[in-house]
Every structure is written in C-alpha cells, then in structure tokens.
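Shown next, in structure tokens, is the structure this report addresses.
Lettered A, B, C, D and E in written order, each chain numbered from 1.
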C-alpha cells in the first residue's frame, strides 16, 4: 500500500519524463504536449472547483488573456519570452482578483453564468480592440526557438507544460494540506458556517480564483509561444473551459490526480472520436453522450469510484449492546 | 433623434423576443435550480422541426406549434425523469451544467447529422414587412414575436404562480419529502415542470425560425445572452426576467445605433457585472437570503 | 524518430494510392462551407481516379474534422503528415484556419494549396508554399464592380455608400476592398459598421443605414448575417440603388431565405455554373451524380485546388512527401499558369492569385454573371428595383 | 467589566421589528441564558452580534471595543463563537476536518502552515473526547445522527477557542441523556473562564444550568436576573411561560 | 380495546446500500391512542415514521394501515387512507408564503368550503400563522416555522398522525398548544405515533411508550410505567425521574 501510493506517482512521473524519447514520432510528442497542457489546466481549474465547489466555465478567459498578454509583450515590447510569460501571467492574476471580487459574490448556478459571461466578454474585447490585438485577424506570435525544427519545438514545450503541470500539482497538494485548503473546503460545504468559524470566505474565494487563474494564464502563455497563432474566438471559447471541467470531474475533483487522469482519458478519447466518427457531426453526439453518462454514473469521478465507497452510517454494535444490557436485564 | 426613437422601438420589440427565449430558463433555473445550458440548443431543435413541418406541408410556421409544443413537453418530461432526476441534490448546480452541456452537444450533433451543417430558414412574406408610425418602422416579425412573448409569459406566470400545478411544483423543489406528504406526486410534477420549460422552447424556436436563419451550431451565441438576462432579472422571477430582457433589448438597440455592435453585445455582460456589484440577487426578484 | 526531418522515405510511400490529407471544419461555425469544399474535393478525386489516377496511382482522400478549431486544424495536419504519411495536403476552409494549418505544412516542407484563405493577412505571414486556388484575394473580389461604378457618368454614379461587415478577416476584407476604391473615387462613406459574430439582431444596424439613406449598401457578410441584413433593410424600408453582399447570396439557400428580396443583389463570385472554363461542366455534372444537388462556389473552390495540384504533379512527375518532390511541385505552382474551372490561374511570389472575381446578380430570380464584360450572361441592372 | 454589551441594537425586516432597541449586558464569566417566546428575536440578536446580519442602528461592544458591522470572521477572531439553531456542520468533511476548519488563521504564515500540525490534531481530539464522539473522528459529518451533529457543532465552535460562546438551542432535538452531558460540559468550560450565552426553550436546562437569565419579548429584554427570580416574574410568566 | 389502525411488523429498513437502520421493528397504534417512541439520537425513530408514511420502502416486514398491507405504497396513497406525517426539523416550503404553505397542506382536499373552515381553525390555533399570512415561510423564526408545519398537517384531518419531535424549538406556550391538540385528536379517535426527545413530558400524556434502540423496540408498556423506571431514566430520559 505504502509502496503503491508513493511508487506509482514516481513511476508515472518517470514515464512522463521519458515519454518524448519513447514516442515513435513527433506527432505523438505533439499530442502528448497538448494532453499535458490540458492536464495542467484542469489541475489548476480544480484549485477553484475542487476545493470551493465553484464551477467556472470561464477559465478559458484566463487562458486567452495569458496567451494574448504573452504574445503582445513579445511582439510589441520585444521582451524575452520568459519575461513576457511571467509578466502576462501576473497581470492576468491581478485581473482575476478584480473579476473575482465581483464574481464570487454569487453562489452556485449564478456563478456558472457569470463565468460564461466572462469568456464572452473577453472575446468581444479582444476581438473589438483591433488596433492592439489584431482583432479577428488574430495574432501571430514568433516562435521563441526559431532554430529548432517543429518536432524539437514540441519536445521543448512538452517539458515546459510538464513543469507547469508539476507546479500545479504541487500547489494543489500543498493547498490541500494547508489551513487555507481546509477553509476552502469548508466554503464548499457551507459558506456561512465557515464564516462564523472565522474563515474570511471572501478573501479565500478570491485568492483561490486568482491562484487558479495564474496557472491557466501560464498555460495560455506557453500555448501562445508554442502554437504561434491566436484567434479570439478560439482561445476565448467555452469549449476549452468545458474540457477543463469535464476532465476534472471525470477523474474526480476531490483528488490530486483526478484532473490529470481525466485529461489522460479525455484528450485521447476526443482524438479517437474525431478520427473514428469525424466525417459527420455525430462525434459531437458521442462526446455529449459520454458527458451525460459520466455525470449520471460517475459524479464523484473515476478515482472515487475505484478507491472508496462510502460505507454509510453504521451503528457501533458493541457500545449499544452494553447500553442495552443495563436495561433489559 | 428619429434614429434614437427607431433604436428604442426596435429594442423594446427585440427585448420581447429575448424575454420569450429566456422564459423557460427562468423556470428551470429559478424554480427548479437546474442550470440549463441546453435551452438554446432546444430552441434550435424546435426551429428545425418547425422548418421541417413548414417545408413538408407548406404551412405557416405557427401551425407547427400544435406538433412541437406537445412534443417538447413530452421531451421535457423525459429529460427530467430520465436524466435530471438522477442528479444528487447536493451538487445539482455543478452537475446540471455538465449534464445539459452534454445534452446540447448531443442535439447539435444530431441536427448536424440529420439536417447537415447548412443553413436553413423559414421565410414568410409578412416577416419582412413593417408597420410605419411616423418615422419609426416596426417590423411585423418582431411585433409577432413580442405578442407571442407576452402571451407565453402570461401563461407561464399563470401556471407557475397561480395554478395548483405551479404551487405543487415549487413545493416539490423546496422540500420534496414534505411535498410528498401533502399529497403531491413529486416525480410527476417535477417532470411536468421541465416539460413546461421545454414547451416554451418550442414556441421560442418557432419565432426564432421566422426571424433568423440557423444551423446546428447557432445555439452557442445565445447561451451567454440569455443567461445574462436571467441573472439581471433575478433568479426565479418570471416577471423580472421579462423586464430585464426588455431593458437589455433597449440598451442593446440604443447602443447599437449610437455606438457600435461590439459594444451593444457587450452591454449584456456589463449589466451582468453591474448587477452583481449592486444587487447580487438580481434587480427584480431573487431567491431568499439564507436564514442563520 | 520516424518523422525526423530528412528521414528516409519508406518505400511503401512510393507505391500504393496517393494519399491526400485534408482537415476541414465539418462541425462548428464553418461547417456549412466546410462541407461544400469536402464535396468539391471528392468530385475531383472521383474524376481523377476514373481517368486512372495521379501518375497512374489511385487517389485516396483522408478527411479530418477540425470542428472549426485552429488547435485541431494543427493537430490534424500534424498527424496527417507524420502518422498517415500522406503524399500531399490540401487546405482547409476559412482564413482563420488556413494560417495555423499552413504553419504546420510549411514546417514539414509540404506544398499547401488552399481553397479558402482569401484574407490579405494570410499572405503576409511569409509562407513559401502556400497558394490560394481562386481568382483573387478578398480585397480584390469587388474590383470589377468598383471599376463599373467609378466609370458611371457622374449623374448616375452613387454619391454615398454604407458598409456593414462581419468582424472576420475575409468578410471584412471584401467590403473594405470596395470601400477603399470607392472612397478614392469620391463616393462618400456614410456608414461603416463592423459587427461581431455574436450579433443576432440586425435591425438596429439597418436603422443606422436607413437614417443615412445611402445610394449603395455593401455587406461584408457570410450567410446568416447577409440574410439578417437583407431582411432588416427590407423591414426598415431602405431603398438603395444597389445592394452588394459577399458570400451569402452565392449560396443556394439564399433566395429562399430572403424570398423576393434577392432580386438585383450583386455579389462577387469566383466561379460560375454557366462558364465553360476547363472541366467546369463535367464537374457540375459529376457533382450532380454524386450528391444529387447543384454544385456551389465552395465545391468549385475545392475542385480547383485538386485541378491545380493535379497539373503540378503531372508536370513535376512526382508525388511523394519528400522535400525534393514538394520543392518541385512548389516551383511548378509559382511558374505555371493553370487551366481550371474558374479560368486560368497563376500566382505571385506570395501565393496570391492574380486574376479577378466575377460579379453575379440575381436577375429575374436567376443568378447571372453581369461583370466583367467578356464573361457576362446578362446586363447589370442598376439601379435595382425596390424590395 | 462586561464581556459583551449591546446598545439600542435594532433590526427590522420589512415591517417586522425583529430586534427593537435591545440594550443588553452579559455577565462576564457566567452562563447567561436568553429566553423568550418564538419569534421574539433571539436568533436575530445572535446574528447581529456575530455580524451575519447588519443592524439598522445601535452598537455592539465586545470587551468595550466596538464590533458593530465587522465581518463575521473578524468577530470570530475577536473571540466570539456560536452554534446555529438548525445545526450546521460541513456535511462532506470528516469529523476531524470539521474541527480543523476552526483553527485560527490570521497571519499568512499560519494560513499556509500544514493542516496536519500535530498540536492542532491533538487539540481537536481533545474536544472530540470531551463530547464523547472521538470514535467518529473519520466519519463524514453527514453520517452522524442529529444529536451527534449537535455535539460536533459545539466542538467546532469551541475549537476556535472563543471566550464568549453563543449557543442557539443546544438541547433542541437532543436526547435527554445527552443533554445532561452538554450541561456538564458547559459548566466545565465555564469554570475554565468562558462566558456563555444560551438560547433555550428547555426550562429545566435553563434553570439548572444558568447563572443569569435575560428574557426577550418582541425584540427587547423585558426582564433579567437569576433564574429563581426570573421564574417568578409576572411579566415573564405572562409573555413566555403562558400561565 | 379499540381498533388497531397502524402496525409495523418486523420491519427492516435502511438507506442506500448501508446496513439497515431498522432491524425488525414492531409497533402497534390503536384508534384513540397516543404511542410515544423514545430512544437515543440515531436509533431509527425518524426512519420508523418514514417507513410508516411511505417515504421509505421497507426491505422486509409488513406495514398495515387500517387493515391493509401498505408497505411500498407511495405517500400520496397513504394520505388517501387518512395518514399524515409531520417531519422532524424544518420542512416548510421556504420560498412560499405562509398562506401557500397552509393551503398546500390541504392539497388533496378538494372541497373549498372545508378548506376554508380548516384554515380559519388553524389560524385561531396559531396566531402567528394569521399574523404572518403573507410572509415567506423561510423567513420566519425557527419556532414559527414549526408552528406553520404543524398547522399544515392539521389541514388534513387524518385518522393516523405521525409526529416527529413536534415540540422541538417551540416555546413552552406553543408546546402546550401542540400537546393539547394531540390530546384533542386522541379524543376524537385519531391514532397518534409520537416521537419526542422531550421524553418525560411526552410520556406523561401518552398511553403507550416504546423504547427504541438499535432499530428495535426493546421495552414497551404503559407510558407512565416507563417514565418511572429509574434505569430507563438514566439511559434515555436524562436526569432523575420527576417525582
């Protein structure tokens, strides 16, 4: 048991690091990098969703802003890509604090709507602000590694995304063990009660919102550098957010590795559906049906399914028997 | 000046359309606590059915209503009983988003498969005429939409607030066990509630078909707009949603004629955030605050 | 790695069918035109195979759906090139998807002939192997019309023009191409409106146009918004002397969507069902056999790509994905002039076509080519009848 | 010195004056009781003190420092803990996690500190032992029976080490055998120096446990004093006991 | 002896896949009789009532209502046979007015005249119902909500009444009103199955008492005898028996 719980993650990590060298061709490296990117994003989504239970369908806004921020800094100010990436992620985090203050005022379903609105709004802003962002023409970001050929670029970004994923996992793990995390979980269960026990719920929620935005923004920035073309209607898309949510839920929002596992399943499965059914729109239906089935039959996620079933309340027999003896005798 | 007047008139009429399209949402969302992302997808499903009836029989699209409305009612009952009812109540909000998102994708895929990706439209002679009062033109299609919206909302209001069924529905959602104990058949009632919501989608879809061409992916643009209306109006308030719809319709129309289309679309979200900052429970209605 | 640049081609690729990889938006926002282009490609492949194939080898098309998503478009080409080891790639639909797709093709040294990336930005990315197989890029679509209008006698010439266009590089490109030329000729721009793809209500835009009472209304549109605009203009009783819309009116669904209002609307079109350019009538015939409908411009664009590449392959006498072969093909594209169903095509050094779009008009309910003079099937009706 | 004092505290909901210019002073280090008929404003009074709702007017002073309109978590940090009339636990957290939420966290360092700090866990277990529910430490709170949840809620409130504890009907729905246990616990804690304010309808419990009784009617105190005295007060008999 | 109206016989029941909560429970209630269930928290009292009213289907055993085996029938059906159940805790329809709540109590009563007569009667019984007729029920105080619930159940004129801790959260005066009402119904021949934690008080007025623990009735007999039993007192009733 001990070995399984320690050893498995190490083994997986080793495999992940070796993956680009084991992959028979660069396309699989590319697909791997994309999967890791989604894993990193859904893990960071889970910093908000898993702890506080606030379902955001708006995280692609941070993805897009991170991407555009990085791209614009590189193009307009010519700063080195690392600086651009970090500065843009920081700015997005600040922005997320502002948005968070307004957004976390509503709970449950309304929050979902607000987050959807956030994506639509950012899409409109970026699309409308043609002079800065290039509008609907999109933004072409120069590659940070012009000397590498395409396959090598995929390798580099595979490791960059892997590092980001590691960072996100570490953060989640750390938060889950901290008092901050305990407070966030309490918020998920009962906000007013948490408040009365001294949890500053407002600050916590905004902090979780911003933290989770930070990693998504970093992923967006890396994406911009890797991919090279940005188009507002695609980076600010509810579909990207939905993927984060789907992956997290499928794996299990209450587990460190839930979103990662979800990503490892969803990304290849999506690929499979497209290739197998791609000639008609029926693959959308297939995805939709899978989503429905997950929600209906695995609402707690795969990991919860595999590891533990809630035993339900049980009455401690001995203690009650003792109690009864005094009466019946 | 006359341009402003024209913008205002168009805004009011368009607001009516929005109110119609959003009315079902305020039912699921406010009364049944289900975040129904698939509502616009159902609207377009209805539009496609209307199109089929219209082209097959050559009749006025409104004559499709006797077919689509009962059909959607039954569909709604089925969706509720087979899918939504299985969600655990403690995370209904989260799970219903995903569930209905999945439903929306399913519908889009099916529409694409059966009707192909190409645009369909229903055009009637009367839909492009307009009534002219002074300098202001009032398009008939929008007037019809406005009228249908008024009618639908009135019916919905009567059903939800005044009728026995409406009371039973609200009781069911608020405390299921207690509702069963006063003699309400809760499963049936919840199913019917959803059915009524989808029935409004059938009406909305018909009107939409008359006004705009559509293709399977058309529903995406509507999700954000309609949801914004519901939040600004205050969850659960049919009247609030209607007023918010008209308000936003007018703002959109006026901003469009004075500034530009991007800003006009943005207004929905700007108002949404303003609402949150000023009155998170919405302007016209809203759920009870918690008792401690 | 098997796809290391310069890795030796496995002999298998030199025989068997010629595989052509294509990613198209079969779902999502661009699914409508995506489908058309797919059909065009299929008609072409069918015809080539009936004639014995490319260099004697059967042609096999491999389609991927990119769901109108640039991320997927890249993955698709990446996997088509490296996994399926296709011999050739053909382009996707929409300027928005062409750029990311071309990036991939370019980095694998593949020739990239595309049917639908007409926005001027596509050609400003420094691509060396990209060619647009249609008569003209977006900004030049209206050239014949601009010519016609500016040459009208002063008293007939429109004085004012209103422009409304979708925020999309292609649609906007067409409208602005015309606007710039007309403005230079002194036709005043009275409305210049850009609307985002999310726009669902066109009446207020029409109201703005109505208030300006322009002689000329130009829409940089795709389908949905062209119908929305036409209906709204009708409702608000705007009666310009001429109404021009890109894309929408060239689709078969248009006349039924706007009913009688289609009459006298003009549009730029790269292809005509009535023209007798090389292979056009066979294409139309075969399309009808295969899909039981009428070919449209999208299908023609797809077909044209096939024609161009086919000619290049036949001239270069090679069709494998190696750099040498693709270089030879690219060289062909750059130098030769190709006889296609949209007329003779040649390309400049950025891959831009150097011909021009025709102008079509609905006359008595039928689509007629009205400009240029040498291709016309009917005379341009101006001013248009009120709607 | 008084631990908690309110001056003219007023809250109206629409037309209903829930708390009406209530001026109340608690006896420090004592077990204070707050009784009154249904709807007399007791719970609202708690909510006003703990900042869950904001008063229309009036002031709340805790150890002579004004805490009116402070946010609930600040008030909790100041040392006021409470339980709810309808018992509220974190249903899907384990019993132990329920308690750990209440650990103080003011400074960033404390905030980021590991949750599984040995000392804190020991302290949590200590409280669970005192409530007699230590064997349930790993059970999810929603699996507990009503009475056990009540004890858990109390334990969580105490975990935050409040100096003033507000209990809203601690005996409601609780088995009488458990009530005895709660009473002795409150007595013990009171002996350690904590001040209590208990809302309760179980008169036996109030009379036997409390040192000082405040009687509310229509949102304001109408009588106060030691239990024996209040029990005889004609106004109390009339307004509350209904005889 | 009067007619047996409700019998639970060897009932085994539980939630989900977990171990059963009721493990062979047997209880009988006759017309004109109040049977009081007492027992520790979590012993299965509420579960027993849920089985009796059809909210929970038993895994085995019989539920006989007025001579018919009704195990597994829906609450609506049982309601038609004259059974009413007041739930534990708060079960008002929070976002509906008091008026709507009370009216819904008579959901299955089709005769408007009768309905209005009952409404007038409950308004008289609980003044707060009349006073707050138009308020949202969820905004009332805990005890007020409880009164609304009781009033709602009274709309039905049942022949078998299941009450789950009706006095919880009620002040002494309202507790008296509720107990008086139970007494009145007993006299008109209603069979009452009462669960109370206010056990001494309840046993005082009940005819039969049953001690439920671990999902089984261990002792039953005349209520007064149980109340006087010192061993029971220590374990279940708290404190010493009132003398």
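Couple of notes before you dig in:
Methods note: contacts are C-beta pairs under 8 Å (C-beta built on N, C-alpha and C of every residue); 3 or more make two chains touch, one makes a residue touch a chain.
On a predicted model such as this, the values are computed, not experimentally measured, just so you know.
Counted as hops between touching chains, the shortest connection from chain C to chain E is 2.
Across the two interfaces under comparison, B-C and A-C, the one joined by more C-beta contacts turns out to be B-C.
Ranking all chains by how far their C-alpha centres lie from the centre of chain A, first place goes to E. The greatest centre-to-centre gap from chain D, using C-alpha centroids, is found for C. Rounded to a whole number, the gap between the C-alpha centres of chain B and chain D is 46 angstrom. Rounded to whole angstrom, the centroid-to-centroid distance between chain C and chain D, based on C-alpha atoms, equals 73 Å.
Separation between the centroids of chain D and chain E, computed from CA atoms only, is 29 Å.
In chain D, the positions touching at least two other chains are 43, 52, 84-85, 91-92, 144-145.
Of all residues in chain E, those that touch two or more other chains are 42, 139, 234-235. Among all residues of chain C, those that touch two or more other chains are 26-27, 29, 31, 167, 196-198. Those residues of chain E that touch chain D in the shared complex are 39-43, 88-90, 128, 135, 139-144, 146-147, 165, 168-176, 197-200, 234-239. The part of chain C that touches chain B in the complex is made up of residues 26-29, 31-32, 34-35, 68, 167, 193-201, 203-205, 207-208, 210-211, 223-224, 227-228, 231-232, 234-237, 251, 253, 256-259, 261.
On chain B, the positions that touch chain E within their shared complex are 164, 167-168, 170-171, 174-175, 177-185, 236, 287-288, 291.
Chain A contributes residues 174, 177-183, 185-186, 188-190, 192-202, 310, 312-313, 316 to its touches with chain D in the complex. Within the complex formed with chain E, the residues of chain D that make contact are 13, 16, 36-39, 42-44, 85-86, 144-148, 169, 172-180, 201-204, 240-242.
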